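Several structures are given next for inspection.
Two complexes follow with chain A in common, the first pairing it with chain B and the second with chain C.
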Partner chain A sequence: MASVDQEEGNAGVEAGTDSQGRYDGAGSDSGARAAADGNRAGIGGMANPGKYGIERVAYWLMRLTGLGLLAYFIGHIYETSSILQGKMGWDEFLAITQTTEGHILLAIVIGMCVFHTVNGIRVMLGHGGVGVGRAARPDYPYVPASQNYRHKLGIYTAIVLAAIAMMYGLAVMFGV
Partner chain B sequence: MASAILRESTIMKIHYGTALAAVALVAVHVLMRLTSGGFAESLEYETVLANYRFLPYALMLEIILVLLSIHGFNGLRVILLELRQGPRYEKAVSYGCVAAMFALIAYGSRTIIMTNMGMV
Partner chain C sequence: MALQAASGPAPAQRPGTQRSITLRIARSNPAHDRSTVGFDDFEVPYEKWTTVLDAILEVKKRLDHSVAVRYSCRQATCGSCGMMINGRPGLACFTKIDELNSSVVTVEPLQNFPVIRDLAVGFDSLFENHREVKPYLDRDDTELDNIADGELKEYPQSPEELEQYIQFANCIKCGLCNAACPTMATDSSFLGPQALAQAYRYVGDSRDRGKDSRLKVIDDSHGIWRCHFAGSCSQVCPKGVDPAMGIQMLRGYMLGFGGGSSGNNQK
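The block that comes next holds the complex of A and B.
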């Protein structure tokens, strides 16, 4: 997911600076300098999801859900290996996961999985040029063509579908 | 470094390919939990053992294991390389992720193979 996400990561690059935040001579001096200073915030600045809109939120959610799912996957492989200890070993491990906390954790995993999948498909489509509009000369205020309403809608859809899937998962696990 | 063996664009194509294939197979895996007479029943020892001993299902689990390990550890590699760069760091991250991926595949395969062959 690197390329398009990196593009999302550059959502906050302002006029007068290049993608690394260096001053490139364009735009007013003070504005460009302020933008360059803003881009010196380092990882803390990059991590700020509030400043750059829903694309930056999606950027972070994509990484956090990815790491969460990898942690769950490793845990799941370890959990299922308890079957090698026979029925007793399996039932003992299952008892740990079949609790209210276990079900809530699994519901969060379901939500992470759905968001990661739907947003991942959006990123893949964007990477392939789908829904990013026609190539055009960049003009002020330099809004990236890929950050249009289609992709915003894709991000919101991913969040809503994740919430629905979590609720469905909870209903199944708690037998509602 | 992984990119010395494979181009980064090729790695990303593999990343996307494994993602799409995993989505389809994980959907089947989750549906098996929901259609095997209820969620709780599908997790009973006998049901799970029967699933593992059914060769096509065991093969599907093995494929899911490989796909998700490749996708997951490449994703981790990408995240770590975004945070910091440098020849030694990049090499360590790439080799570390490949090693962790093989370790997880080996550990998961052990469960699938031993259960499928009736060694439980």
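The block that comes next holds the complex of A and C.
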């Protein structure tokens, strides 16, 4: 039986604690949930790319590129709607993308699109149980079979392809 | 006893000298004050075999007895002493200070769980989610119904069928996977990798007949579809359960790609 070593509490009643100031767990569901939320890692803990290897970096990049592509999609709709202002309005808006900043922005969009697509295929296969290994009795030091070379290769491939696509896009846009 | 914390790698041991580290322990008491979380630093000697739990108990024994920590077996079996060790979930009894290669070891309560005090957290949500996925063989008959010739007959199962789920039966409910999970970090309603992997443990068991009712529980917007296969749960599991594999195989089973046991789903 596990024990909790602590001094006797003498606090008043609060959510998640009993009259002795001790934690009462499920005594108050909303109180316990609020207390848990107080220690929840939040957005910073969700990203945390430094502690859990390349898979966590891929997770973080997947979310970031997804949000980036959503922002681009909204901006793209706004941009193409300028056609309603006639050819002059369309040309004026299109000129924004012909600047150095516009080229860099488009190169980033190309990179996001390629990474999101390639990594998305890897994740979808994984979600179907493809390439995650087979259940077996684990032996110390317990290397997780689901974090195998196939998925790591998929992540690195997505990153490298995104970098190549960005460089190619920059070369075309800047006429190198 | 508060000391200035040093940073950088652990110094090499010289003959005749005893090495020591600075142990930074997170201190808080939500029952008194929810807003104050501080750190106390303690200089603790250590040997090659000293675990983080040993160091914490050394602090309790000699420097500050008021440090709150939960522990029991000291051999990675009970799952009681999970905590954030240098920012990563780990069992204090299963983590050697020498292997951390740091002169400062920071211990904090497990993330995504309510703090009781200092390093002790409440596991009610973990156990509640575990209960929700029906962690037992769900069938209408019992072993007693199989009595033939006056002998009790067990549910038959081949070694191959056992291999389908035995890995996931190693779970000690330490909560490290839930602390590492990026979805748990922001979604308080998510079932979590521990419960989902345990759901697969029974879905993959050929003796179970309750797959349909179990899958109804996890087929939810805060259930299995919230897992994004970051794999952090598997990287911190101290027993090699590999919850990420179990969850993906369970999802594959639900999507019709295979996985699970071939047993009858009906009770």
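In the analysis below, the second predicted complex is superposed on the first by the 125 of 176 C-alpha atoms of A that agree within 3 Å, B and C clash if a C-alpha of one lies under 4 Å from a C-alpha of the other, contacts with A are read in each partner's own complex, and residues count from 1 in each chain.
In this section, a residue touches a chain if its C-beta (ideal position, glycine included) is under 8 Å from a C-beta of that chain, and two chains touch if they have at least 3 such contacts.
All of these numbers come straight from a predicted model, not from anything done at the bench.
Trainee: Between chain B (first) and chain C (second), which, if any, makes contact with A:43: first, second, both or neither?
Mentor: both
Trainee: Between chain B and chain C, whom does A:117 touch in the aligned arrangement: first, second, both, or neither?
Mentor: first
Trainee: With the two complexes superposed on chain A, say which partner A:99 touches: chain B (first), chain C (second), both, or neither.
Mentor: Touch status of A:99: no partner.
Trainee: Which partner does A:90 contact after superposing on A: first (chain B), second (chain C), both, neither?
Mentor: In the superposition, A:90 touches chain B alone.
Trainee: Specify the partner with more touching residues on chain A, choosing between chain B and chain C.
Mentor: Ranking chain B and chain C by residues of chain A touched puts C first.
Trainee: Residues of chain A that sit at the chain B interface in one complex and at the chain C interface in the other, please.
Mentor: Correct list for chain A: 1-3, 6, 9, 43, 63, 127.
Trainee: Can you check the complex and tell me which residues of chain C touch chain A?
Mentor: 29-32, 34, 60, 66-72, 78, 80, 87-88, 109-118, 120-122, 124-125, 128, 163-168, 170, 179-180, 182-186, 188, 204, 228-232, 234-242, 244-246, 248-249, 251-253, 255, 257-259
Trainee: Flag every residue of chain B that touches chain A in the complex, lowest number first.
Mentor: The touching residues are 8, 12, 15-16, 19-20, 23, 26, 34, 39-40, 43, 45, 48-49, 52, 65, 68-69, 72-73, 75-76, 78-79, 82-83, 104, 107-108, 110-111, 114-115, 119-120.
Trainee: Could you list, by residue number, the parts of chain A that touch chain B in their complex?
Mentor: Those in contact with chain B are residues 1-3, 6, 9, 43, 63, 66-67, 69-70, 73-74, 77-78, 80-81, 83-84, 86-87, 90-91, 94, 98, 113, 117, 120, 124, 127, 172-173, 175.
Trainee: Note which residues of chain A are touching chain C in the complex, please.
Mentor: 1-7, 9, 11, 14, 16-17, 21-23, 25-26, 32-33, 35-43, 45-48, 51-53, 55-56, 58-59, 62-63, 123, 126-130, 132-133, 135-140, 142, 144-147, 151
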